[in-house]
Amino acid sequence: MAELTYRDAVARAITQEMERDERVVLLGEDVAKAGGVFKATVGLYERFGEKRVRDTPISEQAFMGAAMGAAMTGLRPIADIMFADFAAVCFDFFANEFPKLRYMTNGQLGCPLVIRTANGGGARFGAQHSQSIENWTMMIPGLKVVAPSSPVDVIGLMAAAIRDDNPVIFHEHKSLYATKGEVPDGEILDTLGTAKILRPGKDATIVALALMVPRALAAAETLAAEHGIDCEVIDVRSLVPLDTNTILNSVAKTGRLFTVEENPRLCGWGAEIASIVADEAFWDLDGPIVRITTPHIPLPAADHLEDLALPNPPRIVERIARTMNGSAR
Amino acid sequence: MAELTYRDAVARAITQEMERDERVVLLGEDVAKAGGVFKATVGLYERFGEKRVRDTPISEQAFMGAAMGAAMTGLRPIADIMFADFAAVCFDFFANEFPKLRYMTNGQLGCPLVIRTANGGGARFGAQHSQSIENWTMMIPGLKVVAPSSPVDVIGLMAAAIRDDNPVIFHEHKSLYATKGEVPDGEILDTLGTAKILRPGKDATIVALALMVPRALAAAETLAAEHGIDCEVIDVRSLVPLDTNTILNSVAKTGRLFTVEENPRLCGWGAEIASIVADEAFWDLDGPIVRITTPHIPLPAADHLEDLALPNPPRIVERIARTMNGSAR
Amino acid sequence: MANKQDGPGPQGLTNDDIGQDVRLELYRIQVKIRDAEKRANDLFFQNLIKGTSHLSLGQEAIAAGVAVAMEANDKSFCTYRGHAHTLARGVSVEKVLGELMLRDNGLMRGKGGSMHLTSVEHGVMGSYAIIGAHLPIACGSAWRAQYLGEKDVSVCFFGDGTTNIGAFHEALNFAVIWKLPVVFICENNLYMEYTPIGDVTAVEHPAADRASAYGLERILIDGNDADVVYRTAKAAMDKAREGGGPSLIECLTYRHSGHSRADPAKYRPPGELEKWLEKDPLKIYRKRLAEYGISESDIAGIEAESKRVVDEATEACKASPPAPHELLTTDVYADGGWAWRN
Amino acid sequence: MANKQDGPGPQGLTNDDIGQDVRLELYRIQVKIRDAEKRANDLFFQNLIKGTSHLSLGQEAIAAGVAVAMEANDKSFCTYRGHAHTLARGVSVEKVLGELMLRDNGLMRGKGGSMHLTSVEHGVMGSYAIIGAHLPIACGSAWRAQYLGEKDVSVCFFGDGTTNIGAFHEALNFAVIWKLPVVFICENNLYMEYTPIGDVTAVEHPAADRASAYGLERILIDGNDADVVYRTAKAAMDKAREGGGPSLIECLTYRHSGHSRADPAKYRPPGELEKWLEKDPLKIYRKRLAEYGISESDIAGIEAESKRVVDEATEACKASPPAPHELLTTDVYADGGWAWRN
């Protein structure tokens, strides 16, 4: 057991898997010699050498494509998108190439790779470097999508992602890199498609992801202490596959659902979950489903405005308390 | 009044606006001399000349960027994405450039342009030429998103899109190009952000878009005739802005909501609407919200399989009848 | 094969760097492609091919020349205009036509369609229908070979119009800096869909005139002469296999039909097609065979055999059912299914 | 200005193609950028600049040389490393530093941040932070000028690393085939973020060695000499203005600090910085002024004035509040608000 940052957990996970499997390789802009712009891959170049850990030009299409071509033919590449926003410059690979290959070829070819992104806001980087793009990836059939909230989950889910035979988009949250958590020694391997109940509760279910998880947890404590509302907090962890059982069971118990989403409102991942619950758990619901999201706006650079935009514990508390105490609207 | 195809409506709308405003220009691959691969821009090159109607290289980033730069500085470009799927190769412009410019510059610059796409399935083109990408665009703050289902709507909404001072993504449905409808003479101008009730009904609300609209209407007739279920069918027409009033009012009346979506399931536009209704109209609901979508898969090329994938009247009827007659699940 | 010669000529077989076996194979493949593509065209007009299809009529020499230069383990990365390359690697006409007809006997049982022909057992690693993407993908395959010390070469085919998209530029630079065993073959057929390539390109030769931007040799060849294609491709593949890095080859050619099944190609200037029909690769090659002393009856035998194969394949396809409905949701994920939830 | 000369030299002002006024302006701008950038660096270490910032210390000659060659209506398209170009077009130090400090007095009142500096009234049409996008955008602005018969030129600045992304290739080809009045300025400072450009580029000069791929002239200049930059940019802008189409200019330079505020630039080989500090554009230009007979006191006056302006701006920024909360949801759409529904 040791305390590790989320940032260091990334390097530990990749180390674990690179030691285990020669086919695992890492590529991206400044990931090798410099250890990544968020320092999440420090030491890998030194340990595994330039054959396995490679710097690329600013050619996201080239190295996403290269990762795919290598994956199709026998390697297990991990490719790095420096800021999640840049997925847009190589989105053809996310939307049309990685996820459709197996289907279009009727199973002749697969695409076992992991794309890491530094996702999300909070760093005052402005509209083009701060987005939460988990819904950009969730909406594409054929991808798997993971977004861990803690160091131990980073390791276990990254290991699972690397061993998975599908293209997995692994969203690291840039505002979590400096956070710490206890991590057991030895190999860690988790399972994709499993949500975690981080706080049991009986009055309402809060579903959150990545940076929103600690915020939802903090809000739940306040809601319990100050409003007598006992919330169950679920860390979704994996958007695809989605652990609907855990969510539906929780709603069956609590009768209420709140989502806390960093993505801008429209077509966020919470909308999907809301729609599943509004269909399959409708008769369990005791009141409206409420989504707490970043407003449907680009993100501002200014710190006080960015803080205002992303869901935070006071806003979560206020919205849940108001909904639980009041009427439908 | 004349009968016009959806295809010819595109050219008529652009003609109307190009005659009205010298700043309106059209560019894209094969849109000029060849009149477009779907023949939706036939005659424009002859009428307006090569200064205003221009063929481009296969450089989607170049001409999306060019459209933006021209829009920022005084023109009103219409740019063509030959198949909606190709939005992925220039997605940076959709996700990070068009929609964020005004916000990032604090209103100093705007981006008044229209991007036309040939969207959707049904033509047996396979996984990379058949997608419904309306949710790819709906999820991006700063875009407006339109998807007409009839020739007259094509004209009125295209005119409104061209006159709008925002970036508007205009999804034409490739399987509707050959369909016909009555169109009044003279100028036609519609309003973005307005849904249309195409069939009033009292038992359930069906919300549909583009190719799904005629299918929802057909299903509603069968549901009335064979199951005694009287459905209200709403053509959303505009995903952003979204006419939530029309939808919420309808659900207040019927107590039931069904969406019929061509996009693959996860994070489809219907999820957003479902989540709005599950929040704001929860107490109006008499039963689960059900989404009828393309399954969350890439599209197959084979005709019989593609037909199986897209929602069609029998499937819509079956699902609605089963839900309305049965229990929640 | 010691006597290398620059152009083909009737020096007699003893003095021939290509040799009779290879030459017959080059012809056999060209004829097979020609016959299969013509049949595809007929089937389309009989409404037996739905969706789209992009023929390589007139471009057969490139597919044949490159494929014959390849070794069994080499990999082909094709576009929607990929029937020719798929056939050239040895895939049966039945499996190709079956896929075009979207039947259960097709290469992907109709799931992929004509634009995505794939036959991994023949080294055909997919056909890609969004312009540009497969150039970087081919780089990745080449990287795997380099990384694992495997000796195969990845070959990537694309058109003139493709040279103007960003992925082309990124892939070329990437292949060179990583010194990858990949060969890029540009089939310059003078048109993108309906627009002449000259109208939208800053240089005359869209690939060859850009080679220097990647520190590569300028290679521009007659793409209608299978011998020239074969020799050039062979040299590039040898170089790649020996660790010499990538090559970019521009092959001048012409498509005899429209861009896709829907295109009557009215945009062509009068006389252009006729001029190129004079340079028909099959015509050129039939003459070549005769010059090298192959008998008319041997040639006719190849042609008859091809017709027979195509006819039989056609019948088999017509007899094939569509794939079962269950196929709709198979192979989305690696577990064989499509489950995105529990 | 009849006497054109190739290199700068102390021929005396009578024989000077640039002239004293322009030369003083070139120095004034370089000093202003230097002082403002140094202040930005200080403010960052005082924790008064949040987020990121990308300085142009060492690259001032390019910003100054190009800006002085521009006319008032000409348009600049910049990157995240755009403070210099914004200042060079005449935007006040206060408005730039205010934006870096994310205060209400900033150019965009803190909404955009340091990577998106924009001042339309000065012709600064935005700073773009996703590599490559603004090259096509600049083409669009140039197209508008061509279409409307307006005489302005669009100028697009970017780094060496940017030449390897697809949008670079697409934009260059596009600009040439449409003969657009756009000038592309590549600031080759030898590095992308932390990776030397030579490690990831197939040619030595990432822009100049690719000009021929677009049928353009190869232009490679000393980017640390403002006179050279000025002359070259002026010629390119004249050409564009007269309908002669685009130019691509590679300026050799070096950034004295790290890539962004977070980067101590430890990846540099020893001695490299020192070598380039010898070629510091301000050092070069100060000497140049003296050679052209500008007095030490005039030079010192420019420098003192700059310090005063930067100090005053700093105080004004420190005194400025953050923008009001309402700003969060303004200007998403053209109606000024953010409503996506009724």
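Labels A, B, C and D are assigned to the chains in the order they are written; within every chain, residues are numbered from 1.
Convention: a contact is a pair of C-beta atoms (placed from the backbone, for glycine too) under 8 Å apart; a residue touches a chain by one contact, two chains touch by 3 or more.
This is a predicted model, so every value here is computed, not measured.
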item	value
Identity of the chain that, by mean CA position, is farthest from chain B	D
Pair of chains joined by more contacts [C-beta pairs], A-D or A-C	A-C
Whole-Å gap between the CA centroids of chain A and chain C	41
Length of the line joining the C-alpha centres of chain A and chain B, rounded to whole Å	30
Centre-to-centre distance between chain D and chain C (centres being mean Cα positions), rounded to whole Å	46
Centroid spacing, where centroids are CA-atom means, of chain A and chain D in whole angstrom	37
Residue list for chain B, restricted to those that touch at least two other chains	56-57, 59-62, 85, 88-89, 92, 96, 103-104, 126-128, 141-142, 240, 265-266, 295-298, 300
Multi-chain contact sites of chain D, meaning residues that touch two or more partners	109, 111-112, 116, 128, 130, 132-133, 164-167, 170, 173, 177, 199-201, 327, 332, 338, 340
Chain C contact footprint on chain B (complex, rising order)	29-30, 33-34, 37, 55-62, 85-86, 88-89, 123-129, 265-266, 295-298, 300-305, 308-309
Residue numbers on chain D that touch chain C, as the complex places them	132, 164-170, 172-173, 176-177, 199-203, 209-210, 212-216
Footprint of chain B on chain D - complex, ascending	75, 77, 107-109, 111-112, 116, 118-120, 125-126, 128, 130, 132-145, 147-148, 154, 166-167, 170-171, 173-174, 177-178, 327, 330-334, 336, 338-342
Chain A-touching residues of chain B, taken from the complex the two chains share	85, 88-89, 91-92, 94-96, 99-100, 103-104, 126-128, 135-136, 138-142, 240, 263-272, 274-275, 277-280, 282-283, 285, 287-291, 295-298, 300, 327-329
Chain D - residues contacting chain A, complex	50-52, 102, 109-116, 128-133, 161-162, 164-167, 192-195, 199-201, 262, 267, 322-323, 325, 327-329, 332, 338, 340
